[in-house]
Amino acid sequence: MAIDIKAHFTFTLDQATDVLLQFEAAAIPEQTILSNDTQLSEASHMARVPAQDAIGERIWLRANGEFRVDYTARVEVQRLLADVGELKRMDPHELPGEAVEYLFDSRYCQADRMQSFVEDEFGRLEGGARIIAMRDWMAENFIYTPGSSNSNTTAVDTFVERRGICRDYAHVMIALARASTIPARFVSCYAPGVDPPDFHAVAEVFLADPTVPGGGAWHIVDATHMADPAETVKIGIGRDAADVSFMTTFGMAQFGDKQISVRASE
Amino acid sequence: MAIDIKAHFTFTLDQATDVLLQFEAAAIPEQTILSNDTQLSEASHMARVPAQDAIGERIWLRANGEFRVDYTARVEVQRLLADVGELKRMDPHELPGEAVEYLFDSRYCQADRMQSFVEDEFGRLEGGARIIAMRDWMAENFIYTPGSSNSNTTAVDTFVERRGICRDYAHVMIALARASTIPARFVSCYAPGVDPPDFHAVAEVFLADPTVPGGGAWHIVDATHMADPAETVKIGIGRDAADVSFMTTFGMAQFGDKQISVRASE
Amino acid sequence: MAIDIKAHFTFTLDQATDVLLQFEAAAIPEQTILSNDTQLSEASHMARVPAQDAIGERIWLRANGEFRVDYTARVEVQRLLADVGELKRMDPHELPGEAVEYLFDSRYCQADRMQSFVEDEFGRLEGGARIIAMRDWMAENFIYTPGSSNSNTTAVDTFVERRGICRDYAHVMIALARASTIPARFVSCYAPGVDPPDFHAVAEVFLADPTVPGGGAWHIVDATHMADPAETVKIGIGRDAADVSFMTTFGMAQFGDKQISVRASE
Amino acid sequence: MAIDIKAHFTFTLDQATDVLLQFEAAAIPEQTILSNDTQLSEASHMARVPAQDAIGERIWLRANGEFRVDYTARVEVQRLLADVGELKRMDPHELPGEAVEYLFDSRYCQADRMQSFVEDEFGRLEGGARIIAMRDWMAENFIYTPGSSNSNTTAVDTFVERRGICRDYAHVMIALARASTIPARFVSCYAPGVDPPDFHAVAEVFLADPTVPGGGAWHIVDATHMADPAETVKIGIGRDAADVSFMTTFGMAQFGDKQISVRASE
């Protein structure tokens, strides 16, 4: 499956300002960058650094005035897909070191607060079956509502208010999974089904790999049901949205316009 | 400087339970493990995995019944010490990839909430001078008060309540530093001056290294003033206390006793 | 129905300290104080003041050293009981002035946060039928768990954690009702069925009185199902628990013991 | 001192909706309504009910479509003014029943969280002198910043963020006073010095009346320094902003425009 991505956004800086960008498809085994082109306005400083867990890159800029980002890419997704509902949970003591940090509470995902609820509501299920039940519970009980949340909204807020956007759905999904001692992380991505077209976010959970004794793997779970894992192009990962914003400015900026287009083709 | 460490703690598990431990001095360039001995009760499963950023190790257990941990070590601290107040801030765009995640908000350190305060109170200072001013402001305005906080207490809570223990002091210090776009992380450690003797926690900030153009380094800052960086033995690091507990149980446990002894000798 | 109440509690003050008590059955039309006896240790100052909305009295003390409260009362409850599920909601614009403040958010009852949930879950029902559905939803989804909450726990916390005691159940019930624009208040009370015997708390909601055109009345709703409105003796009311603690000390106090006994007799 | 007030605002309702308004100068002893005129669009229901503590009135409406409020009044302020810094604190046990509820935490004013700070920072002062020190501390450490807060912002938020508008200043002032066991309430008002002209909010504290043994009185304290108590016309009071909004709609409404003019004349 090849995915064609176009991303364009602009912003204006009133003075020389540091900016961190992360918007490019990550070059990782599960997806091949067939072609790509990144056009950036001129900056007094530009450097690429590896992003979290070496998945994708961040771009550091020091720039001033109007800034324009134009990105096109064609990406082949070769992700191994599994029926998540059939996968087993790994016992915590089997988890590899790099998955451990995704068990812990993070800025927006207060899993400790949700343990009683998770036990009451999903306690009869284990592993992937529990994850699917959580995803379906969210789909049934939450309403996707642009404008209902902001950059301070946490998983607890969304759990109470039952409204949110992709970021909020991912945060609740992550918190529910971690409350079950299943590692879960936040994935910034492109996906064709997102409506209106925009950057997207999904959760990813770490479950046992039935083909590798003692092994495990990450699997995409999208409680908004907008992204198909077979067509999802990862930009980067983090513990939650605090880690993988497409743009972070260290100073004042006026955001301009943004246009995202993502299409699947054979 | 050689530091002699003894740590002992016990706990009881009512059924087979997964436990994550992190209490051993990390084998890292700035400190040499001269000798060490870890004695653990028998467990049905025991595995060591690298801890966060490969600093130290975590021990995964699956155990049942009474469990006892006895650890002794002699550690030579060779940390390069600097006069933090003289060090320059690195511009964000100069930061290496691995420092970036320590700029972001984490579970207990909501730096975004403290930006106005930091600008008002410390805006005239930069880099290490600002860090020292923050540390001294905390020492003057906070009272170290065992029992005043719990495992849910955040940097914002402590900032308002002006009371806390080492963990809380480190959280506020980290949040203030990040609000200044200075990377900051949480360090679990042993240190001789801690009173009453216990595991300790300090903040670490990333500042320019005057000897390496474009380079930076981490420096310990302890707003409780109990730990001397020259005598501090690191166990592990994290974004905040959520990442480096000495013991995390995935199920019910009764904690028993704990004895920590840390001495410096020539 | 006559209710026999015995309440005893003690506390110790290290220096002359102001204390506010509210533990006596309120003298109000719906319950008649057949007999009562209040024995208090000596205090340098003692004054009774009317409590909130003139329901019951608060006792101001200035005391020192050991203090003992012994209270016995026999109270006839003549409350008019209604089938709450049959009662109609009053339109907001019909509410009398004194009910209006019980529509608003209070310290522990953040009704604004629960409006989406209430609309999604109970939107097809109105008035008393909605209140009963909320009460039953709580009974089904929450577990009464002594020790699960503390004096900072809010309705939002309890809604997320699904655990609490009478105070927490009342807070969630109040928040859900106010989120439906039904006035709701907190009632501190004695009731025979409370197990273990203690002071109790329930919610009260304001619904249309079918016998008085344009009129309304308060009705007890206990989501813990421990108190029968026909046997509940009110002590006082407030917006939430912040208003009607049985004991508030303005300084340090060591609480001693507490014994409550409440029995119904013909 | 006569104050001339003009207030105009409009809103649009898409369907028949209940609305609660409170914008008229209260008829209370400390201010005389010399003349007034309230013009409201037609409504299917309109009723006046007493507002909190019988200070001022609330107007209940049921209306539809465009709605317009035009209010003019001329009010003589005869408030007894005191040098607040000279007034003594009343001991809690001397407080009259009606002041007690203003000691407790409310939705936006979490006084319990601020007790350590208040003791550390203002512990050497008592009564009115402490209140003035708090007001001046706020004036020095906070920056009045329209747009920095919203309707969810609490006193704790503002205390941390050091930015806010009149509502937020009043909330912090109230929380600091209550943390000192001084009753404090929120006052919605008109005042000439408010810039830009708008509804205003101040705190009011209850301190000993030197002319009446055992008596006390409420005194306006405005940490924004925009309102002069001698020229402040009260609309209503409450525990915090949750109680005295000038307009609360129980359904969807589009707010239109708002113009407030307040002038003092001899």
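Labels A, B, C and D are assigned to the chains in the order they are written; within every chain, residues are numbered from 1.
One rule holds for everything that comes next: a contact is a pair of C-beta atoms (placed from the backbone, for glycine too) under 8 Å apart; a residue touches a chain by one contact, two chains touch by 3 or more.
Given the structure is predicted, the values throughout are model-derived calculations rather than measurements.
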item: Joint neighbours of chain D and chain C, given as chain labels; value: none
item: Approximate Å spacing (C-alpha centroids) for the pair chain A, chain D; value: 45
item: Centroid distance [mean C-alpha coordinates] between chain B and chain A, Å; value: 28
item: Touching two or more other chains - residues of chain D; value: none
item: Touching pairs - complete list by chain label; value: A-B, A-C, B-D, C-D
item: Contacting residues of chain B [partner chain A, same complex]; value: 18-20, 45, 47, 49-52, 58, 60-62, 91-98, 100-101, 104-107, 110, 112, 152, 181, 238-239, 242-243, 250
item: Touching residues (chain side chain C, partner chain A) in the complex; value: 113-114, 116-117, 120, 141, 143, 156-157, 159-163
